[in-house]
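A short worksheet on the structure shown next.
All chains are identified by letter, namely A, B, C and D, in their written order; residue positions are counted from 1 within each chain.
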Amino acid sequence: MKTSLYSLRYVLGSAVNGLWRNRTMSIGAIITTTIMLITLAAFLAINDTLNQMVSALGRKSNLIAYVRDDARPSDVTRIIRDLQGQSGVAEVVFVTKEDALRIFQERFTDQTDVIDILQANPLPASVELRMENPAILPSLADELRELSDTFETVVVPLDVVERLIAVSNVSRVAGTVMVIALTGVTLFVVVNTIRVAVYARRQEIEIMKLVGATDWFVRGPFIIEGAFIGVFGATMAAGAMVALYAQVGPSITQIISFLPINTNVAYVRSLALFIVLVGLVVGSIGSYFSVRRYLAV
Amino acid sequence: MIVLQGVSKTYEGFTALSNVSVSIARGEFAFLIGTNGAGKTTLLRVLLREEPFDQGVVLVNGVDISTIRGASLTKFRRKIGMVFQDTRLLPNATVSENVGLPLKVRGRSNRDVSMAVNEVLKRVALLEKASRFPKQLSGGEQRKVALARAIISRPEILLCDEPTDSINPLHAREIIELLLDINADGVTTLVATHDSDIVNDLRRRVIRMDAGGVLEDMAVGVFNTS
Amino acid sequence: MKTSLYSLRYVLGSAVNGLWRNRTMSIGAIITTTIMLITLAAFLAINDTLNQMVSALGRKSNLIAYVRDDARPSDVTRIIRDLQGQSGVAEVVFVTKEDALRIFQERFTDQTDVIDILQANPLPASVELRMENPAILPSLADELRELSDTFETVVVPLDVVERLIAVSNVSRVAGTVMVIALTGVTLFVVVNTIRVAVYARRQEIEIMKLVGATDWFVRGPFIIEGAFIGVFGATMAAGAMVALYAQVGPSITQIISFLPINTNVAYVRSLALFIVLVGLVVGSIGSYFSVRRYLAV
Amino acid sequence: MIVLQGVSKTYEGFTALSNVSVSIARGEFAFLIGTNGAGKTTLLRVLLREEPFDQGVVLVNGVDISTIRGASLTKFRRKIGMVFQDTRLLPNATVSENVGLPLKVRGRSNRDVSMAVNEVLKRVALLEKASRFPKQLSGGEQRKVALARAIISRPEILLCDEPTDSINPLHAREIIELLLDINADGVTTLVATHDSDIVNDLRRRVIRMDAGGVLEDMAVGVFNTS
């Protein structure tokens, strides 16, 4: 018990000494960790933003279901309520016959006479959808077409929708692949840096073993050093990220004010926490494995 | 008891030990001499289980050391104090930390360690340089630190590879006296050396090696320099 | 002369030895260089693709200029020719009165009677633009509005245009910032790796200087080693990139076949060449500066 | 001609040389002795311009060495061969490469270098270990390589820091004879050593240092070991 307490103190003191006395390596490793994690965090944030942007663009796309003049208003109301509850649908707008006429007149201001000569308003009322997830548009359109008592035609500007779906799929897949790849790269580079730092101190490890140190006695300080490098690098990365978000976030939100970009504190905080956790785990595990091969003395 | 029976060792084809048989009793003091490249260091490294060997048996206190693994190896090495020919001080640890390492490794308290470090540094006259780093010491001072580290844990077996190299003759004599003191407490002591004056003065057992083999084993040996 | 020739041979031989004998460090540095440059190349490619995708989306957006019924056909033809020559304009389509009527009829299949009762076709002919660069739409619209002899109204679906301009600007700026940042990160990490490798060999440098070596004698092999690490890492990165492009390129092109994504050989080849060049320059210059501080012996 | 006038040197507050004045004629042979930490190594490092000094003047062939910079420093060092106390072999270079380095550095052809390397390795009896790396050699063998590297370029001045450390007495004598040979060709030779036998045998000039100062300067010196 006493022994392990003393050892704990030794491990911590030894780790601090190790970091300080090998500071060229330590600083190199910390800076590498910092910038790799900043890169990763920035990429996560940008990927997230781009995904949101693409989804938001998709939301513009719509489905228009023209309502039969003889449809039952209660049916229409019910369907609209159903649609509003449907996941993937962002907004449901009901355009009355009068609205349709007004829009038509606004568009063709110089041809009001065309309409004026008609006895009745020839334009139908319509239900217009703005989508959260344009991918479900085709099937939704089919469903609505079945309701032929209510709807005359269901128009889906299909080419735009397809393009948006394709773009958003590609960008989502590309983003996910890049996030995974960049995470891998970050882990690899950080671990490699630690590996090289440990390699440069392999003789220390051998000497300690020859003097009667257990594997854990040797490993301990190295793992703490690695953890410290990871956490310190990650904290600097997280700090830089939070600062950047505070600076850049609002101006992005302003430029594309119509898009609900995530710049809220909770999201940034959890991203920062995640980054620090990654640093801790990668640093300590990286050290553990880096030291291992030199322990076989 | 250290017993070597027909021990051979090659480094990538080069024979460094060939059919070495020698035994050293518990508490004995012996010199290991021989030309450069005779195999003295190799023999000591085999005894510390730093280097594996190819043939033969090495018994330490009746245990075949080639079978020792893992935690037992750590325990085995804690019985041994070694002065390495190339000192092998931790470059990034102070003199105190280097000397105290064998005790730290054993989980001793900071107070115990620093008391022991002070005592042993006093014996090699390096107390005032306790907070230096190895490269801030002269060559002889570094070797004294290496010696201090080897003896601080009061090992059962003391292996000294050229302990008086780079050491002024006056201090060299003091160091040998120190080793004899320690040996008098029952510590089996093996000293590889090129210092003919010391060997000839002491008239102790001398094992002379050449080309990887034991050439002579003299109970009251002399170091013939011509 | 003879001296310098022998030295050259020495420098090359020495560099090869140095790489091989410090292979733990060399391999670490090469792998780091490789994956950093792969990341950079992938990012350049993805950024380029996304920019193209966003631009292509922008192209869907259009400007509709409704032609006066009494406009002079020769004016319209001339304007269309001018517009086709205008940079930023992707496509110019002339929709005749008859086309307009047909489109209207197709859209409102059930209200053909509405049109039928009209004496004449009330819908105007129109010139529709698909933009390369939606940013110039507003000014272009103003220009066309000036031609009031020819055009009745010029309609620009402004909200969509504005959003697209904003999104494409943000994504272009973000992309450029990320490319610059990632280039910086890559250079930094590669240089840092080389710096650490040189640090681990600082005593070699000191010894050589004490034995009477000139600074260039010491530097030479290190610079060649750095250059080799850079070029080798970059070549692997470039190879991986070309392979990936060959694999992934076609399927992306297929998924979003409507977008003219750059997967052509020339582009990939120049990107690969660029990456190798970056490796060469960064490796050798990184070594040069890493060695410098230890030469002052 | 080497002249030191009132040279002092401190390492971060610790005085390693204090007011050292000594002069060594061209072609002279002198031993530098003194207890551990006396300042022998420091003196040699100052002469190689490895370490700056704080006070006094050091003239080598009439040139104040503290003023030498850049390319002149390289030229200056090429006049000197040094055996470092800690050998300072390149760990990643073979014996041949280590020994040949001073010639490579001077831009000599591969043929010239390998001929010279062969010759000098023969003189220290290490020819058959030419392609080994330093850590594949015994301690004494490493020191011989360091010596070979110091003499291969036929320097004007030879500075040897413990050249017989870790070397078997028989070989030690050979090495000293080699140094005397070289000195006979007019090479100014300064040997820091703890080997009393050799110093006492040779009866050459002995400069005895202590605590950073010159205590004695004897034309025909003895090494008093008691």
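Keep in mind that, in the parts below, contacts are C-beta pairs under 8 Å (C-beta built on N, C-alpha and C of every residue); 3 or more make two chains touch, one makes a residue touch a chain.
Source: prediction; values computed, not measured.
Engineer: Based on the averaged CA atom positions, which chain is farthest from subunit D?
Structural biologist: Chain centre farthest from subunit D's centre: A.
Engineer: Using mean CA coordinates as chain centres, what's the subunit A-subunit D distance in Å?
Structural biologist: Between these chains, centre-to-centre, one finds 66 Å.
Engineer: Could you put a whole-Å number on the gap between the CA centroids of subunit A and subunit C?
Structural biologist: Taking the mean C-alpha position of each chain, the two centres sit 22 Å apart.
Engineer: Just curious, how far off is subunit B from subunit A if you go by their C-alpha centres, in Å?
Structural biologist: One centre to the other, that is 61 Å.
Engineer: If I count partner chains per residue in subunit D, which residues reach a count of at least 2?
Structural biologist: In subunit D, no residue touches two or more other chains.
Engineer: Please set out, as single numbers or ranges, the residues of subunit A touching at least two other chains.
Structural biologist: Residues of subunit A never touch two or more of the other chains.
Engineer: Which label fits the chain touch graph of this model best, line, ring, star, complete or other?
Structural biologist: Ring.
Engineer: Go through the chains and record each pair that touches.
Structural biologist: A-B, A-C, B-D, C-D
Engineer: Would you tell me which residues of subunit B are touching subunit D in their complex?
Structural biologist: 11-12, 34-37, 41, 85-86, 136-141, 144, 161-162, 165-172, 194, 196-197, 223, 225-226
Engineer: In their complex, what parts of subunit C are in touch with subunit D?
Structural biologist: 2-4, 6-7, 9-10, 17-18, 21-22, 201, 203-204, 207-214, 217, 297
Engineer: If we count contacts the way the header does, which residues on subunit D are in touch with subunit C in the complex?
Structural biologist: 48, 50, 71, 74-75, 77-78, 82, 88-93, 97, 101-102, 104-110, 149, 153
Engineer: Taking the touch rule as given, give the residues of subunit A at its contact with subunit C in the complex, in rising order.
Structural biologist: 24-25, 28, 31-32, 35-36, 38-39, 42-43, 46, 49-50, 53, 57, 60, 107-111, 113-114, 117-118, 122-124, 152-153, 155, 159-160, 163-164, 166-167, 169-171, 174, 178, 181-182, 185, 188-189, 192-193, 195-197, 199-200, 252, 255-256, 258-259
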